[in-house]
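Shared between the two complexes below is chain A, which pairs with chain B and chain C, respectively.
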Partner chain A sequence: MALTSLPFAIFAIITGIIYFVYPKKEQRWVILLIASCFFYLYNSFRYAAFIVVTILTIYFAAVKMDDISVETRKTVREKKAEWSKEEKKAFKDAAAGRKKKILALTLILNFGILFLLKYFNFMSGSIAALVGVSPESAPQIRLLLPLGISFYTFIATGYLIDVYRETVKPERNLFKFALFVSFFPQIIQGPISQYGKLHDQLIEPHDLEWINFKQGIMNITWGLFKKLVIADCSWKAIKAYYANGGINGSGDFAGYGGTMVLFITLLYALQLYTDFSGGIDISRGICRVLGIDLEVNFRQPYFSRSISEYWRRWHISLGAWMKNYVFYPIAMSEFSKRVTRAIASSSFGKTPVGKHISKVFMTAVASFIVFLFVGIWHGANSKYIAFGVWNGLIIMLSAMLGPVYAGSRKALHINENAAWWKLFQMLRTFVIVLVGYVFDIADNFTNAMQMMYLTLTDQNVGAFLSELPSLGMRKVEYLAVMCSAMLVLYISIRLEQTKIDTPAELLERRSGLIQWICLFGLIMLILLIGAYGPAYDPAEFVYMQF
Partner chain B sequence: MPDNTDRKKINIRRTIAVITMVLALVGSVVFMEKFLCIPDSQALDQNRILMLHKEPKNTIDVLLIGSSATYSGFSSAYAYEKFGFTSYPYAIGGGTCTMWKPALQDTLRNQRPKLVVVDVFGGGYERELIESRSSQLYLIMNSFPLSAEKIRMAKEISQNVNNVSAASMVFPFIKCHSRVPINLLRLKERLETEKFGPSPLKGLETRTRTRQLAFVDDASFTEETKPLDEKTEGVVRDFLEYCKSENLKVLFVKYPTVLTQQDPDELLVNLKANRICEIAEEYGFTSLNMQKDFHKIGLKEREDYYNHGHTNIRGQKKVTGYLGSYIQKTLNIAPTELDDSVRAQWDQSVEYFHALDSLSEELIRQGKTESLGESPALAADVERIVNGESPAAVAEKYHG
Partner chain C sequence: MEKLMEILKELRPDVDFEKEKSLVTGGILDSFDIISLVGMLNDEYDITIRPANLVPENFNSAEAMLELIEKLQDEE
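And now, the complex of A and B:
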């Protein structure tokens, strides 16, 4: 039941109707829980046990950790007069140790499941290859991935760490917690919601409000437009590129040249953005109708002026998760502080360069590790690891070479606020992003390197034009994708200028008639040029596979 | 804060807006589905079906179902002139046996023919081909109004044809929506066709050329049969059961083609067509294999064909004469008494046929190959000849 399918639309409408007509408002969250359970079982019945294990282990671990905290505070309060400072500290440390053990065990279990299902086969094959054994003979787990496992594991573990850090109180109602983990609009491809931002909204009763309904529908329509008109039409060409064997060719086809590789990379950038952000728009739109404000996951990422900014605009919730639960723990760890101190106290650390390096070194290392994880999160393949390493390296180098860039800008008298400079930065960042995408498109690391080499050395427009028909798209389809992409670009510029999150909010500034006309026009465009129906091979959301 | 009356007004306004929006969307989709979904390559087939439904209720004596062999092989107006019965070809280029039942069901909405003539050729194809042809079925379903019957038909079709969903058969817009922007350029023409009819051309289609000898005629008719695959036989038998349940008289025919060893697929189709005739006879239906009577009909391989599978208007007259005679004399199909206005229409169609015949001959003479088929534009051209203009003058606008 894909987000863009008719059965899902019917399911979502029925859920919405029951939710709003259910008379006992304080129990409306139960409707969402039942709908989420139905959705999960319908889509991933065979693997439902995995999400149940995650819900139960994290629920009980969180409750237990909270019990320990409460009990500790109570005991310390009661024994305030009797215990010495050292005794209190020892007692608190023992409690913290128990909490840490619970946290570690629960995280190991849940990430262990994720690792086993998602990465075991890759690791097993890689190790086998390293020791000279055929990867085919390495032990393999023959299971499909449970629906949304990366998303719900991160959502649930993030909550557990928050409870451990005592930044949130644990949910003591198992079913309410189950709803937070399995909430159907976000289970397929996120966002990776934070407990503090989502949980209360799910439990609070909501009434149907006109503004929510209108903006929700607009968001859903905009998401469908991006997904069905741009992403899925572009996917047709990308799929043909793969089917024809890419740069190596297959059968009688000799393989594509460098201009085509560049074109496919650009098309992939468009497809990936519209596919993922389109899916998020649909999810956010459904939530908006229900009165729930799901986190923003995209803020015009291709307008970023640096790669670190790009990752603050692309898949924002994953970036936030990595920052909270990977970056800070590494950057603020005792080890990092020791390394920083060691560099600062060395003779190198006394030099101007050394001073800078001592300040940013561990931050840069932490960033690198974060992006290595981001790459691994995307999938078990060397190309995703290379993708993570590439992004990590760029961010690491940017941090380390910051003063050099600043000095160069100053020497060249570049005005940082000049429009051309901003545009140059955007283009530069986009090119870096495209290089990362090449790893994504390629079959493996070697293939990615070949693609990049070809892009740099084999630019031939004539050959490209002769290869274009092999992508199986008609002229009218290219035109439709191009015009639609222009519309998305225009809306993105307007959103960027107005600092507004959604086109629906942008339209609020216009008259009612204009709003209706825009909605009608958008629906008509989807109906007319959208890639749906038996003439198209429906493409799953790209991020669903992660 | 708006008071209750204001709130009520706002709510009414919003409800009206939502309903208007939904109606506008539904209306637009229905309009586009009706006029803009069918590709240009199928426009003549679509017009033919549309014009069948413009015929006065229960005035068609003989319904002919099949593929291009049917519309190129039989002229309803010529048969009317010769034998007095009315007929109409429900024929779609490339149609296979999966279209027989839906086409018949579509026709039975308005007509109750005394005889149904089915071209067996469409049942003789390889299974993969039969399963892959869906555009003909979309054409039929596009003609069928939304009803429980249509939904039932759609489910049936989706089991027989690949890559077809029942939903898209009920609402062909789901499948064909991407054609709409292209077809918008021809909206005016499509709307004109909608206003046109009943048509004096009676669904005829032909191509204005004689056969160029790309194939050597080195194969002859055989009565041998070849079994059908299980699924195709199921489709054929289901159609036969349906005809029985509707108490219809059915004649299975094989239109004569030029046989050649160079086209083994076609030879295989002929063997399978023979098998379909056998199956039809099991159900008590008659069959007529005109391939056997190729020379008896008087067909000439070069003169009477525009390619090896299809007769031109010369061959069409010969096949119509032969088949019409069989229908009249052997099957005893007597013409229905038509009221004056309907008879006048049919009489006019005879005039149009002869005018079209002369136009076709003129174009063949001038070496201009054209597809002449059911459309208001062709009817207008033919009318000029009926009104006294010379075929040569009318032929000037055609470029071949």
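And now, the complex of A and C:
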């Protein structure tokens, strides 16, 4: 049941109606839980046991950790007069140790499941190849992935770490917690919601409000437009390119030239953004109708002026998760402190360059590790690791070379606020992003290198135009995708200028008539040129199998 | 407060820390700044700031940082 399918629309509408007419308001969250269970079982019945294991283990671990904290505080208070400072500290440390053990075991179990299902085959094949056995004869697990396993594992483990850090109180009602982990609008492709931001909203009852309904519907329509008109049409061309052998690992690209490779890369950038952000718009729109504010996951990422900014604007919730639970713990660890001190106290650390390096070295290493994880999170393939390494290297180098860049900007008298400079930075960042995408598109690492080589050495517009018909798209379809992309670009610029999150809020400033015209205009566009219906095989959301 | 202001000025001379109230949520301080700042505060005030303390509310303004520092000093 894809987010853009008719059955899903019917399911969402029925859920909404029952939610709002259910008379016992304080129990309305139960409707959401039942809907989420139904959605999960309908889509991933055979693998539902995995999400149940995650819900149960994390629920009980969180409650147990909180019990230990509460009990410890109580005992320390009671024994305040009797115990010495050392005794109190020893008691607290013992309790912290028990909490840490529970946390570690639960994390190992849950990430272990994710790792086994997602990466076992890749690892086992790689190890087999390393020891000289053919990868085909290595042991393999033949399983499809449980729906949304990367998302719900991250959502649930993030909650557990928050409870461990005592930044949130645990949910003691198992069913309320189950709703937080399995909430249907976010299970397919995120966002990776933070407990503190979402949970209470799910449990509180909401009434149907006109403004929420209107803006929610507008966001859903905008998401459908991006997904059905732009993403799915572009996907048709990309799929044809694959089918024609454009990326076959042999390095000859079925005769396609470098301009075509560049075109496919650009089309992929458009497709990936509209597919993923369109899906998020639909999820956020549904939540908005229900009166729930789901986290923003995209903020015009292609307008970023550096790669680190790009990762704060693309899949924001994944970046935030990585920052909170991987980056900070590594950068603030005792080990990092020791390394920083060692560099600072060495003779190199006393030089101006050494001073800077000692400050940023471990932070840069931590961000490199984060991007290695981001790469691996995207899939079990060497090309995704290369994708992570590429992004990590750029961020690491820009941190280490920060003063060099600042110095050269000064020497060249570049005004950092000049429009041309900002535009140059955007373009430069976009090119770096595209290089990352090439790793995504290619079959493997070698293939990606060949693609980049071809793009750089074989630009020929004439050849490209003669190759274009082989992608199976009609001229009118190219025109439709192009015009729609222009509309998305225009809206993105307006959102950027106004610092507003959604087109619906942007439209709120216009008259009612214009709002209706825009809504119906979008619906007409979707109906006329969208890729939908039973005859069309819809592209699954790119992030659905994550 | 003066000592803290000095540290902040050393970290980012380009930011007006007296006025700014959304240093983290407004994207003025990035995670690299935060890590440098944490190192400086730990050394200067002899405290241990943990990942759990790195919520935006604790770093959005100089006042919030001072509050966190005082809280951690009490706990030590």
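Here, the second predicted complex is superposed on the first by the 536 of 546 C-alpha atoms of A that agree within 3 Å, B and C clash if a C-alpha of one lies under 4 Å from a C-alpha of the other, contacts with A are read in each partner's own complex, and residues count from 1 in each chain.
One rule holds in what follows: a residue touches a chain if its C-beta (ideal position, glycine included) is under 8 Å from a C-beta of that chain, and two chains touch if they have at least 3 such contacts.
Given the structure is predicted, the values throughout are model-derived calculations rather than measurements.
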item	value
Chain A as common anchor, with chain B and chain C clashing or fitting	fit
Which of chain B and chain C A:T340 touches, first, second, both or neither	second
Touched partner set for A:L6, first chain B, second chain C, both or neither	first
Partner chain(s) touched by A:V476 [first = chain B, second = chain C, both, neither]	first
First, second, both or neither for A:K359, with chain B first and chain C second	second
First (chain B), second (chain C), both or neither touched by A:G530	first
Touched partner set for A:K88, first chain B, second chain C, both or neither	neither
Touching partner for A:H206 - first (chain B), second (chain C), both, neither	neither
Minimum C-alpha separation between chain B and chain C after superposing on chain A, in Å	33
Those residues of chain A which chain B touches in one complex and chain C touches in the other	none
In the complex with chain A, residue positions of chain C that touch it	27, 30-32, 35-36, 38-39, 49-52, 54-55
Chain C-facing residues of chain A, complex	165-167, 308, 312, 323-324, 327-329, 331-332, 337, 340, 359-360, 363, 366-367, 399
Residue numbers on chain A that touch chain B, as the complex places them	6, 210, 476-477, 480, 512, 516, 519-520, 523-524, 527-530, 532-535
In the complex with chain A, residue positions of chain B that touch it	14, 17, 21, 24-25, 28-29, 32, 134, 163-165, 167-168, 173-178, 180-182
